[in-house]
Amino acid sequence: MARFLKDRSKAKGLVPGSLVLIGKQKMEKSIIQFMQIDTDSLVEEEVGSTREALEKLNPEAVNWINIYGIHDLDMIQNLGSEFELPGLLLEDILNTDQQPKYENGETYDAFIMKMMHQVGNSNRIHAEQITIILRKDCIITLQERRGDVFNPVRERIRKNKGRIRSHGNDYLAYALMDTIVDNYTILIESIGTKVEDLEDRLFRQMDTKIVEEIYQFKTELNYLRKSIRPVRDFLVLLNRTEDSYIQEKNRKFLADLYELAVQCTDAIELYNSLVSDQLNIYNSNMSNKMNEVMKTLTIFASIFIPLTFVAGIYGMNFRYMPELDYKYSYPILWGIILLLAGGLLYYFKRKKWL
Amino acid sequence: MARFLKDRSKAKGLVPGSLVLIGKQKMEKSIIQFMQIDTDSLVEEEVGSTREALEKLNPEAVNWINIYGIHDLDMIQNLGSEFELPGLLLEDILNTDQQPKYENGETYDAFIMKMMHQVGNSNRIHAEQITIILRKDCIITLQERRGDVFNPVRERIRKNKGRIRSHGNDYLAYALMDTIVDNYTILIESIGTKVEDLEDRLFRQMDTKIVEEIYQFKTELNYLRKSIRPVRDFLVLLNRTEDSYIQEKNRKFLADLYELAVQCTDAIELYNSLVSDQLNIYNSNMSNKMNEVMKTLTIFASIFIPLTFVAGIYGMNFRYMPELDYKYSYPILWGIILLLAGGLLYYFKRKKWL
Amino acid sequence: MARFLKDRSKAKGLVPGSLVLIGKQKMEKSIIQFMQIDTDSLVEEEVGSTREALEKLNPEAVNWINIYGIHDLDMIQNLGSEFELPGLLLEDILNTDQQPKYENGETYDAFIMKMMHQVGNSNRIHAEQITIILRKDCIITLQERRGDVFNPVRERIRKNKGRIRSHGNDYLAYALMDTIVDNYTILIESIGTKVEDLEDRLFRQMDTKIVEEIYQFKTELNYLRKSIRPVRDFLVLLNRTEDSYIQEKNRKFLADLYELAVQCTDAIELYNSLVSDQLNIYNSNMSNKMNEVMKTLTIFASIFIPLTFVAGIYGMNFRYMPELDYKYSYPILWGIILLLAGGLLYYFKRKKWL
Amino acid sequence: MARFLKDRSKAKGLVPGSLVLIGKQKMEKSIIQFMQIDTDSLVEEEVGSTREALEKLNPEAVNWINIYGIHDLDMIQNLGSEFELPGLLLEDILNTDQQPKYENGETYDAFIMKMMHQVGNSNRIHAEQITIILRKDCIITLQERRGDVFNPVRERIRKNKGRIRSHGNDYLAYALMDTIVDNYTILIESIGTKVEDLEDRLFRQMDTKIVEEIYQFKTELNYLRKSIRPVRDFLVLLNRTEDSYIQEKNRKFLADLYELAVQCTDAIELYNSLVSDQLNIYNSNMSNKMNEVMKTLTIFASIFIPLTFVAGIYGMNFRYMPELDYKYSYPILWGIILLLAGGLLYYFKRKKWL
Amino acid sequence: MARFLKDRSKAKGLVPGSLVLIGKQKMEKSIIQFMQIDTDSLVEEEVGSTREALEKLNPEAVNWINIYGIHDLDMIQNLGSEFELPGLLLEDILNTDQQPKYENGETYDAFIMKMMHQVGNSNRIHAEQITIILRKDCIITLQERRGDVFNPVRERIRKNKGRIRSHGNDYLAYALMDTIVDNYTILIESIGTKVEDLEDRLFRQMDTKIVEEIYQFKTELNYLRKSIRPVRDFLVLLNRTEDSYIQEKNRKFLADLYELAVQCTDAIELYNSLVSDQLNIYNSNMSNKMNEVMKTLTIFASIFIPLTFVAGIYGMNFRYMPELDYKYSYPILWGIILLLAGGLLYYFKRKKWL
């Protein structure tokens, strides 16, 4: 199955703006979590519907509606109408192929990003789409499945109610994005360590395993770049957008986040070129090895094939071969053999093949 | 025959603006379809001439004139004079080599695009040129041959008369372009799946078949890029063009279409670099295999050629060879042979060739 | 001889602006043709000097002075003083190395372009420099030698006097440039057809011939790009130049010409990357072939060299070799031989070398 | 361990702006040096705390606070509050992964740069992060460990008190940056000399050693580029920043520094492409060598294997082989052998393999 | 020794702006030439000091002070103070690593360029730094050693006093720069001719010599680009600089010079890609050759090794081998041998190895 562009044929021929889930359904029932952070109080609860969450919003506090599971099209539809989100945005939320993007709506800012997961111990990376919608009075996040992605942020909220409260909803949105980008750094660092470890094996070990790893690194770096670069790009755009819901006092955090994203893409480029170099070096080494093998073969064959011929001559059964009866033939032949072998060895030595 | 640039020698030396069909005639007789979409009524019929269609236009409704077959130069000429289309545009319509382009005319917007078809089950892709002309009172589409390209849109029109009617002619033009770009996504996804499937065979299978597929993927991706990139580029331009016939309220759909086109070109770049990596990896693997083959040969030859020489020595018929008569010569020789073979095996082991 | 940059040492140390012909003289005597196109009359004649042509100019008609041969420095000098062309422009006309360029002079627009010729049936392309000078009252064209380059335009003039007359001198200049660019398209298409034909041979035929053709295609595409890209670039510039001698009403033709030039450079890039891919594929195929050859050798050698050794053992003439006298030695040996050969065949089969 | 992006997992889930040292602690106790340069007097002393330094500041003199060791988070925290440095800057100081950057704060200009050290005699380069903070009344520098990086500047201060004093704090900051960039030049020159020395060995010596060196050069050049390019980029930015603490009269020095940085990045690109070329050339040479080896093997094998077969024929023990008893068989056979060998040698000669 | 970036360690730790010669001293004693060009008179003499030259300046004439040898730091220092040149410029003059640059000073325009010399008959190119300082009242040129670089200009001055006089000091500066750039053209043309000559040998000759030449061409082209590109770039800048000492009437010459520089860099790119293609083609050819060699070996070995085994079988000395006594064994064996050989030949033929 294509990993980089999922099957859109489901959506073919539909009225643009019709809702259809592109990608797999990853959990059974959607869950809606509601969190209300005020200077001294913190509410955390699960709610039954987006309407319920809407009614609980307190414009004086920081409100976070977190939704696990995006396959419930009715719920998404309701979310859209209750929170005044246009159809095209809902479509983007459901299209898990959607490239990371920032949309500056009239009543909201929407951020679509990818959370990256390493698959088990393999070098493979899978992505989960995360949407963050920032409104004046709340933020809404949507994830493909239940996970612990935002747990660190939740922990911090529990400890620092006041700080989050005083910075506002946009700061919370930033904190979530920061968590995602931080995660990129950790992933890149993990690949990077493996790439740099490969260096040591590059000159000692020659097998398909290394080539396979190199290919995996290239593929994963390509994949990461595809997810991170648009984030870097929309962060620049966001900084230039005057009417976004990011408050002036919180912009410096976004500048910092942008720098982190730049660091990520730069590191990806660097590792990418490192891995390309490694493949080139591997190929050169392989040629070196091959050369060595061929030299060994050539030396053995070039010395012993002529000698075997010489021995073959005197193994012939002709009746009239004067040498056969001559008394010193045998030692003389050994002399010839040794001379020949020595001469060839000297020749190969001079050619620096030995 | 050149697939990327067709024989223009027909057009050589003609007055610029003279009409000549570049490319092959693909059907016998042109067909003109007329569709009129109003809030509650829908007219669908075949008309005999463009003039007939012109007379039926209802400025209050959405009007769609669809022409199959562009080889009838008289008909094209008439179309031009009746709908006030300049000669250079007619020339572009007939030049099936024409790169996708957007033209902002005085009384119309013209979009020239390529509809892509996979040829049978092969990896080959062929293109059909489609022209969409948007006027204030109607849209005109021209295709090289009768096909089912726009059928999904027709289906939607039949079901949603009101919606199309209320959005206007420009929305219909958008819907047609969306169908074409959606088709790109599906094609790219199809190539992409094959490219990612190749990954699994890359390390198991070593034959010309893989190289041939890689070459085909590269060629088709090149071809797709050539058709899609100009679409992406003119969509940006279109968004900046203030006096186009796209209404303000429908612009957001074009922004969405642009994003889809970006996604396409990004996916093409990604698959392109993936395929290039695959070829590199294939070559490295091939070197690995070759190395293994050579090692096998070298080990066999380096061990048995010297041994054969030794055996050859004692196959000689010299009368005076003291070893021949010595009682333990034969077992001693076997000892020497085993020692030699063992020594060489040890040597190759230490070189890690075994 | 360097094809891309000719010997400028002739010009070294001269006062800038001194006239010197860089390149070879390609005909004996310069010829000056004069053509005057009016609504109903057409004058075509050879004139003896540029002065004579100057005197015949009719500001009410379209006037075309065409000069074959640029080696007559006096004539060029006279042309310069009579038509008020600055020294640096005359220098450019004589420097057949001159890159295509557009110069917006005070009393003229000058276009220097390259006319491309395929040399016989070879893949080699040679260029002839053509200068087109557009003044308010006439156009002057200079070619290195007498040729039929502009004949198609002449034919059209003879048939369409009125049209050319009504469009003006600038339209004639455009028509000439269009002929040159059209010629590029035909050349690129010719190379393109060959490149795409190569595809079919790429997987069947393995010889230096293919490599040689690939190299020629690359070189010619490089050469074409060098000549076409500046044309594309100056056409953009020309469109932006407000005080050029191109009339407003004729600008749309130049936009069309620009598009054709873009199509040319795009096709060149595409074929270039196609040819590069072909070389890569060729190399991969070559490795495949080599691998196959090596496997064949290895299988033959690895099976028969050990067997020969075994036979050699029993060809030895030791007096005391118990096996020699044993009755079933010979059939047993055949058994061993067949077992050994079978075992190796099985081994190679499992390695997928067979 | 990843050299290009260090383990940020320590920082994961912390409130942005919390202080944490990313990287290793490189010395035991931080040291704070204070230097006060006036027209005729020079104070150099170690102080116990940043507060002590703050109190000693003399706005009439040039003041330099130099801190070795950044692991003392309390001290960094105090530095921040006493000198009004925001949390995000302190975080950057502690993050030794931080890319070089320039920050134009309200009360300061901060420069984060990398000081490069060659590790022993190896080709490996390690980086130490250096932060230079320029305020109106002083400069503060922070280094990861005690070192002699800035000793040359200190020497110059001792000799040229007046000059530094009259140029101001910003000139001192420039002088320090100049020292760092100068150091880059020396490092690049050192790699460059090795790269150019490699040239001479490239055609004489064929071993893995060269490939290994090439790989190291590529890696180090990549690493250097990553550290130098942002410096070049922020120097442009700095020149455009109107409200920086660089005085107008000292700007020309920064322009000069920028030029040096450009020279560095250009030299890196040049060496990079040189090293790539060297690897390509090495591979071509390797193929040449391999070809030579294979030719030698082929010539030996192709001549002697058939001859051995011929000898083998007459070594057979068939009772009825008429040639065996013929008197001149043996010399005739020698004739055949010599003819065969001569023929093959002639054949290989004609193929230019000899 | 690094050719692209010279040892700056001499300059390390010095006060920026201190004078130090980077590079080697190339002559013993500096020489100062003075030339004064007036409408009818021409003064040419050697002067003892820069002061002497300063005193002779005639603002009504064109004055040229030419200095050979830049190692005399006192002289450079005096030049600086007498002609009001800032320290940073003097530093640049002495730093023979300095990239070509243009500096628009308050009382002067300074141009630093590289004069290129082919070293003997080799493909190696060395550079000499030349500084041209244009003031309102004179031009000053500085060269590393006495040479005949500017002799052609001197000759022209002697012949065309009036022309130079009337154009002014800036025209003389242009004429000198034109000489330098013209020299680039000639050098590139010389490399280009060699590159194109290589084409013919590429398919006939296979040795390390070609690879070595290709490497040299790549290196020299890299080197030339590094020297020419900044010239091209500063010529654009110069044209945009309004307050330079280039008079309006002479600007067209600079535009012409810029075009020549563009032509140079374009030719360098073209030759560079040609040389890269040649290396690729060489490698493909090499593979072709190798393949041919391997096929020859494989055919010989695969036919004769099995045959030798067959002969070996009947060379065994077993007492009980029924075939040995059978009368027709020997001819039957020949039949088998011929069949086997024929079968293998047919097999190789079908594989197209023959």
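Remarks
We just call them A, B, C, D and E in the order they show up, numbering each chain from 1.
Note that a residue touches a chain if its C-beta (ideal position, glycine included) is under 8 Å from a C-beta of that chain, and two chains touch if they have at least 3 such contacts.
For clarity, every value in this text was computed on a predicted model and none was experimentally measured.
The set of chains in contact with chain D as well as chain E is empty. Chain centres here are Cα averages; for chain C and chain E they lie 26 Å apart.
Each chain gets one centre point, the mean of its Cα atoms, and the points for chain A and chain C are 42 Å apart.
The multi-chain contact residues of chain E, meaning those touching 2 or more other chains, are 283, 287, 290, 294, 297, 301, 305, 308, 312, 315-317, 321.
Taken as a contact graph, the chains are arranged in a single closed ring, with each chain touching exactly two others.
Ring order, beginning with chain B and continuing to chain C: B, C, E, D, A.
Residue ranges of chain C in contact with chain B, taken from their complex: 152-153, 155-156, 160, 163, 174-175, 178-179, 182-183, 185-186, 188-189, 192-193, 196, 199, 202-203, 252-253, 256, 259, 262-263, 266-267, 270-271, 273-274, 277-278, 280-281, 283-285, 287-288, 290-291, 294-295, 297-298, 301-302, 305-306, 308-309, 312-313, 315-321, 353. Remark: chain B residues 1-9, 11-16, 86, 88, 97, 99, 101, 206-208, 211-212, 214-215, 218-219, 222, 226, 279, 282-283, 286-287, 289-290, 293-294, 296-297, 300-301, 304-305, 307-308, 311-312, 314-317, 321, 323-325, 327-330, 333 touch chain C in the complex.
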